[in-house]
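Below: a set of structures, written as structure tokens.
Two complexes come next, and they have one chain in common, chain A, joined by chain B in the first and chain C in the second.
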Partner chain A sequence: MTIQVVFQIAAVGILVAVLNQVLRAAGREEQAVLTTLAGLIVVLFWVIQHVSSLFTTVQELFNL
Partner chain B sequence: MDSLIIKACAAGIIAVFLALTLKKETPAIALAITMAVGVFILLMILPRLEAVMGTLETVAAGVSGGGSEYIGVAVKVIGIAWVAEFGSNVCADAGEAGVASKIELAGKVLIMAVSAPIVLTLLERVIALL
Partner chain C sequence: MVKILGCVLVLASSVLLGIYYSFRDGYRMANLSEIRKALIILKSEITFSATLPEALLSISDRLEAGVSGFFLLAGTRLTEKPSEESAVIWRECLKEGLAHSYLVNEDIECLERLGETLGGLGKTAQEDGVDMAIMYIDSKVDELRGSEAKNKKLYRSVGAAGGLLITILMI
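Now for the complex of A and B:
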């Protein structure tokens, strides 16, 4: 894992935030909510892979 | 230790600023950033921790008078505490202090369960001495 992942997540977050504001200003509340949800799912998809690899490594290291 | 501490520090500070920027608009993604940087820092220092554990095991193997077989239990306890700390910190960052304290409770109970044989052995030895 590299620090790039953090920047990737931040990029998605900023994109979602901007889209959210634009859609809300255009009066499309539903699509704003859906955008937030989609961004969250994408980000969680990335993060969970790394959390899983961390837990597996810790499990091996400490014989848990 | 090389520049690992510089790396960890820099990664943490950058992630905190990014999370701060996103906290108002998308709090969930801000939490994901802090979580990702936590995983990043922990994965970065794991090889060093492995070396420390190796040293600990070498020292324990050299100790005479028995009891060195329990070093595995101590290592397990450290592992459980580490994972529990990580999980509870993520929950505490999100403002869910209740869930955080429950994870910590689970860690404490599991540590008790793992270390119960050592306590029993200690008690047996004390009783044998009396």
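Now for the complex of A and C:
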């Protein structure tokens, strides 16, 4: 895993937080929730491979 | 290099899109005010017994470009086809003449309802129809005036943040 992914996730987190605040301030709670959800799904897509490889490593390490 | 250029293009276009959306409410208000002006003239023309095509053509002369095209089109069509129902022509002209305006479906529907009262019914009913449309426009303009500043900020921020988000996702 490169450090770039971590920075990308951090940037997406910051931007989604900003969008969330802006939309909430404008009284558009529904869109704010959808934006947060979209950000979460995108980040999950990025990290899912890494989470899977982490599980495999843990399984191998403890001979499970 | 190409990547950076792409990022700049995506960012610039989303910021510009945000700015465009932030100006739309203002343009819609201008269109509504122009139509309000036209309806006031139309009401006075109805009161002074002008025929509908004459009134519409006279309005198109007095208005600035934008919505005047609709009144010119409706006036011309009604003069050319006097036997056809005026509400049908009015509806067709609304779709064609106001296609490039900033009015939303709700505004067009209100004008369509006005078209049903024009031409056929008595003078009082026509004047009432115009009054109803003017009242609708006034309430919409007030509503837009209240939310314009807030929406302007919102669209600009969302445009810029959305552009940054897409850029980060694409890198």
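One rule holds for everything that comes next: the second predicted complex is superposed on the first by the 62 of 64 C-alpha atoms of A that agree within 3 Å, B and C clash if a C-alpha of one lies under 4 Å from a C-alpha of the other, contacts with A are read in each partner's own complex, and residues count from 1 in each chain.
Throughout what follows, contacts are C-beta pairs under 8 Å (C-beta built on N, C-alpha and C of every residue); 3 or more make two chains touch, one makes a residue touch a chain.
Fair warning: this is a prediction, and the values are worked out from it, not measured in the lab.
Engineer: Who does A:Leu61 touch here: chain B (first), chain C (second), both, or neither?
Structural biologist: A:Leu61 sits against chain B, while chain C stays out of touch.
Engineer: I'd like to know which partner A:Val22 touches here: chain B for first, chain C for second, both or neither.
Structural biologist: After superposition on chain A, A:Val22 lies in contact with chain C alone.
Engineer: Does chain C touch more residues of chain A than chain B does, or is it the other way round?
Structural biologist: B
Engineer: Go through the superposed model and pick first if A:Val12 touches only chain B, second if only chain C, both, or neither.
Structural biologist: In the superposition, A:Val12 touches chain B and chain C alike.
Engineer: Intersection of chain A residues contacting chain B with those contacting chain C?
Structural biologist: Residues 12, 16, 39 of chain A touch both chain B and chain C.
Engineer: With touch defined as at the start, can you tell me which chain A residues reach chain B in the complex?
Structural biologist: Within the complex, chain A touches chain B at residues 1-3, 5-7, 9-10, 12-14, 16-17, 20-21, 36, 39-40, 43-44, 46-47, 50-51, 53-55, 57-59, 61-64.
Engineer: Residue numbers of chain A touching chain C in their complex, please.
Structural biologist: 8, 11-12, 15-16, 18-19, 22-23, 25-26, 28, 39, 42
Engineer: What residues of chain B sit close enough to touch chain A in their complex?
Structural biologist: 11, 14-15, 18, 21-22, 25-26, 28-30, 32-33, 35-37, 39-40, 42-43, 46, 49-50, 53, 72, 75-76, 78-80, 82-83, 86
Engineer: Would you pull the chain C residues touching chain A in the complex into a rising list?
Structural biologist: For this pair, the touching residues of chain C are 150-151, 153-154, 157-158, 161-162, 164-165, 168-169, 171.
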